[in-house]
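Look at the two complexes coming up: chain A is in both, with chain B in one and chain C in the other.
Up next is the complex of A and B:
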């Protein structure tokens, strides 16, 4: 019996993968049209609305960019850890931690002028995200505890802390007993650019450029990637794996924390338990679709943001939220599949003795990032 | 193959499985978005959507009313009740009604949906049915003075186009407490409580006072879940209360899980939001329920004829926005008669629930004999009455 195995294509250039990304989306849209016809909607009308609401006019574009901003920051957070083979599943919680500390700073320093207060809150956001990451990072670097589990578990801790603050120490005395935290000071709102877009977008873009260069063009980034892909080589070359793990994870946490501070000052009016809104988890998909490359994160986050805006908008046409969710999932899934098949091909071969198909030509996964 | 790509492949496998599962469920939902176990009276959710799509663009003189829901219309609870109200209002006024479900309480989500309603569908009035929409609705109301914004359960409003509305749910809760007090044999009632906010505390207190009326020895044990809709957690909370000795369960969340837990344990259940008796018919006693339809019809008509004026509406049983579901057949007749008597007193305004003498958990008098708590005090309630076992500020 012949078995399939995924084999990396000989020549893979980023342009091909980008092409694959868009081909996947088109295929998904065609399949989605079938779904829409079956559920009694006009695909042309639905897709036109999707496109208009995401791209037509500055207001629509700013809406898409407004969603792309937290997605890009969360995606970058996951990608920075991912570039050395680590998985930060808890960006959602680190966003919350960042927003908590930023809110605390705003409460203590609400007399400051806007730019100064915003800068302080951003720093506080980074610090908050890092604080939540200290435990998982140390456990990973010194004890080998999987960061996947620890970062994920801390998400729920962070959300519970917000709920505790909402109902307890930070409850707004002017909210008639409702469990809400007082709004952030008005001068802390991020300055707008156009439509609903604000400078949070520029912060995200700047960081993406910085990390894009740092990861692929500097010795630090090379060591990071080397430590992830072949830890033994890295160790032999004198790279401290522990320090690299700590650096990658803490940076990852800090970026997610910053995403929380940007959401707090750019989009929300106050800290609340729904603030992170799933962006942290969506960041995992963004980073995976971008193949853990910061440059790819920008493109994927923008498309992802547009899909979310469009997917929500078609519900006002009468498309149910279930159909809309399936459509959004199909688009992202299509893109993911296409990116993989533009990078790998399937080879059918007879099974060799003792080795299941698929693991051939691959190093032992447990040896990596140990 | 580097590590990142290998993980990507793993993720792909997981996503494939997830998508297949999601697609499988989705196809079922397509025909009938309500859960399979929803009450038989519930029409398929797709029906309004299907009738909307081919309809011609609304004429200028016809009101378009848009609803933004926080949960699924098939939840049988909070959102389901609002959607019933929407259907009623549409039939009553002839207005076009639209809705979007599962909209998170996040500024950009609400804003995006509202702007779509306004710009693409020509919405004249937007109803937001969750507390967390409040700040965004306030902003939108000032940006769009031609559109009316109506917010359920909040406390903000303006003078021209932004009002809020809610109901005196504590009134039917008191009545449901009377029935529950009569049905408990252990004199122990478990209350699966949502969040420690005035609305929930008021409900627990009203329920307890009602239960004490028919059963002076009764104790109401509170278990906080800090959720509005989390069936697993809410079911567990009910089970914990049942294991601790309660034989009647009351609740404030939108799921039916506490009722299923009660039925499994052979105990009884007071549901909330809607008549949830089909979900646990053996456990069901009665339920304080919402009836939003008449209010929605009234607002839509006022928007249509230009007479709309924002208000902080807090209607009671006299206005029909809150009421009591039909009690189970085994609730004793004399209890039902007493319930109906009190119902009449409340409806006529002769008497209200928080009329003294009422003592707090610590034994101090909170409302003196003969006095009735005013709305301000009720809306900021932060204590438990005597007879409630639990912490009113659990953080």
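Up next is the complex of A and C:
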């Protein structure tokens, strides 16, 4: 009896990757069409609306890019840790921590000019994300405590802190009794680029390029990859694993914190407990689909943003939000399955014991050098 | 030996098994009669573990047949092998520490509709039958290593195993526990069960076992039907081979120069927290090959790690070319002229998932920098140089290195270490698992380095290799150096020293 088994591909060709991704999405759309027909909608009409609202025209495109920005930053945050084999599950919380510190800075320095205040708030965001990561990073590097658990748990701590600030110390006195924090100063709003897009997008793009180069082209990135893929080899090469773990996790936290600050100054008006809006968790999916590569994060975040924008728009055609959510999930699921197939191939294993004793396959002459 | 298949409890016939880069078994046979304790002997990497994993359904052989209790088997998984009556006791125990002894024993094979106390009672009966004392209600994490091993054996007996495989069972036991284990196994054999016993401790093998199979480089080189007929030394000679058919004649004695490596009063602790090296003094001079002989697990691995900087010694000094490097990191030692080919090629020496280029600059990437950047063109050039100079057969240089064959991996690794023009080379098991050409190429490089004035410390379990290449031989036993011999020593003398720790005079 032959059984299928997944075998990791030795080499993943970018073209195969792109093709796999595309095929995965197309298959998902076809399956989604069945769902739409069953629920009495025209798939052609729904898909056209999805496409138009995500890509057609400046306004649509800018909306997609606006969604893609926090996804890209959160995805990058997860991917930086992931390139060392670590999982930052708590980007959602680090976004909040970044936004909290950035808000604090804005409250203290609201007399400053726009660009200076924005720059300070960005730095504050990075610092906030890093602060929330200090505990998990040290626990991982020095005690071997799983960063997956600690980063996740701190998400809820960060959200509760915001709720406490809303109702207590930072409650806006002019809010007519509502438990909200006062809005960030007007001059701190990120300058727009076109449509709804603002320079947050450029910040994300810049960071993606910087990290993409840093990981693949610098000695620091080489050490990071070495430590991530083979810790013993890294030790042998004289690389300090502890320092690399600390660096990767703190940077990951810092980038997520920056995402929080960008979100605060870009699309939100004030710090609130819904500010991170699931982007931090979605970043895990983005990074996984991008195979932890910063260069892939940009593409995946853009597609992911488009799916979200498109998915919302079809509700104006009377598609229920449940169906819309299912469609979005199917597309992501299709892409995820595709990742499996472009990272692995299916091998049908030979019958359990291949050949009787004594029968040898001809040795492959290219296997060993003369 | 024209007996019918049904006579054997286990018959592994003509097993071939290859892993990426390593030939583990090449036509090996193993025949075990019912009711016997069968020793499976061989150096590390000879294929013993692969053979028993084939029997246990963990690996499927590329070629070959598996027969258990007279029937040909096609195991798809360990569960199939358990079903067929094969019980495995691995060196690293596979018990759930938080569960009780009884829960561990019946895990996955619990009778339905029985209360916990009844299961505990049945387990207690089983342990009483075989004299394997173990309190069924105690959680496993509270048990000593010896008790955990008893639980593993009870687990196999609970599943009514007709064949019990034990991989290095006495490594974790005190001498008293080891003797007890011997009598338990003999009791099982007298009931008609068979035991396959893997061990490096030949005195124990001779004491408990009835018959033996000896593997060498993936092939069965000897079978002994009655262990009473052979002595310890004959058995050891079968394991390491005393054919003197080494790939090379001994290189002509060269001129040895100044001291390049010195260890003084080194003490070190092993992974289990027990002393692994005791008061080691050794020196290697320029232009000589010093061989380290010893049965596996007598401190060779720790010695290599202390020298290369991966294991800090508890006491003592390491000096390279007269300079104290005891506190230096592995990379600093490399810069000072100490190259190291580790025993664990893929995983320590090389990073399997990284590319050929990335792997070739593990030692030198710091000098391939241009500002903060790593110069890709320089790395590539360096890698091409290595590949050409050392005749490494590779595909694309940007592909993961795991696709290379064992011989080519080792050529690249050795080449990378030699690229820094070291004064000392520590090579641990450099030719293990390679095919004939690979062995010849690696040994050739070692001899060339010696001729070029490098001092080589060669740690090997292949006595032929050591006798063929070394200018001096040091024997290690239980973490000490117990004897030093010239190149003309007989295999028997060396073996005597390595087995007993007492060099004959």
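Assume the second predicted complex is superposed on the first by the 344 of 370 C-alpha atoms of A that agree within 3 Å, B and C clash if a C-alpha of one lies under 4 Å from a C-alpha of the other, contacts with A are read in each partner's own complex, and residues count from 1 in each chain.
Everything that follows uses one rule, which is that contacts are C-beta pairs under 8 Å (C-beta built on N, C-alpha and C of every residue); 3 or more make two chains touch, one makes a residue touch a chain.
Computed from a predicted structure; not experimentally measured.
Trainee: In the overlaid three-chain picture, which partner chain does A:226 touch, first (chain B) or second (chain C), both, or neither?
Mentor: Only chain C; A:226 stays clear of chain B.
Trainee: In the superposed arrangement, which partner chain does A:63 touch: chain B (first), chain C (second), both, or neither?
Mentor: A:63 sits against chain B, while chain C stays out of touch.
Trainee: According to the stated criteria, A:235 is in contact with first (chain B), second (chain C), both, or neither; which is it?
Mentor: In the superposition, A:235 contacts chain C only.
Trainee: Once the two complexes are aligned on chain A, which partner has more residues of chain A within touching range, chain B or chain C?
Mentor: Counting contacted residues of chain A, the larger count belongs to B.
Trainee: Counting contacts the way the document defines them, which residues of chain A are shared by the two interfaces, the one with chain B and the one with chain C?
Mentor: Shared contact residues on chain A: 225, 229, 361, 368-369.
Trainee: Quick check: in the complex, which residue numbers of chain B touch chain A?
Mentor: These residues of chain B touch chain A: 1-9, 11-12, 15-16, 18-19, 22-23, 25-26, 29-30, 33, 45-46, 48-50, 52-53, 66, 72, 98, 100-109, 111-113, 115-117, 120-121, 131-132, 135-136, 155, 195-198, 226, 379-382, 393-395.
Trainee: Spell out the part of chain A that touches chain C in their complex, as residue ranges.
Mentor: The touching residues are 3, 10-11, 217-222, 225-226, 229-230, 232-238, 349, 351-361, 366-370.
Trainee: Chain B touches which residues of chain A in the complex?
Mentor: Interface residues on the chain A side: 6, 8, 38-42, 45, 49, 53, 59, 63, 66-67, 82-85, 87, 160, 163-164, 167-168, 175-179, 183, 196, 225, 228-229, 267-270, 272, 274-275, 277-278, 284-285, 288, 291-292, 309, 312-313, 315-323, 325-326, 329-330, 333, 336-337, 340, 343, 361-363, 365, 368-369.
Trainee: Which residues of chain C touch chain A once you look at their complex with the stated criterion?
Mentor: Within the complex, chain C contacts chain A at residues 13-16, 27, 60-66, 74-76, 308, 310, 329-332, 334, 340, 342, 344, 347-354, 358, 361-363, 365-366, 368-369, 372-374, 376, 391-393, 396, 399-400, 402-403, 405, 407-408, 411, 435, 437-438.
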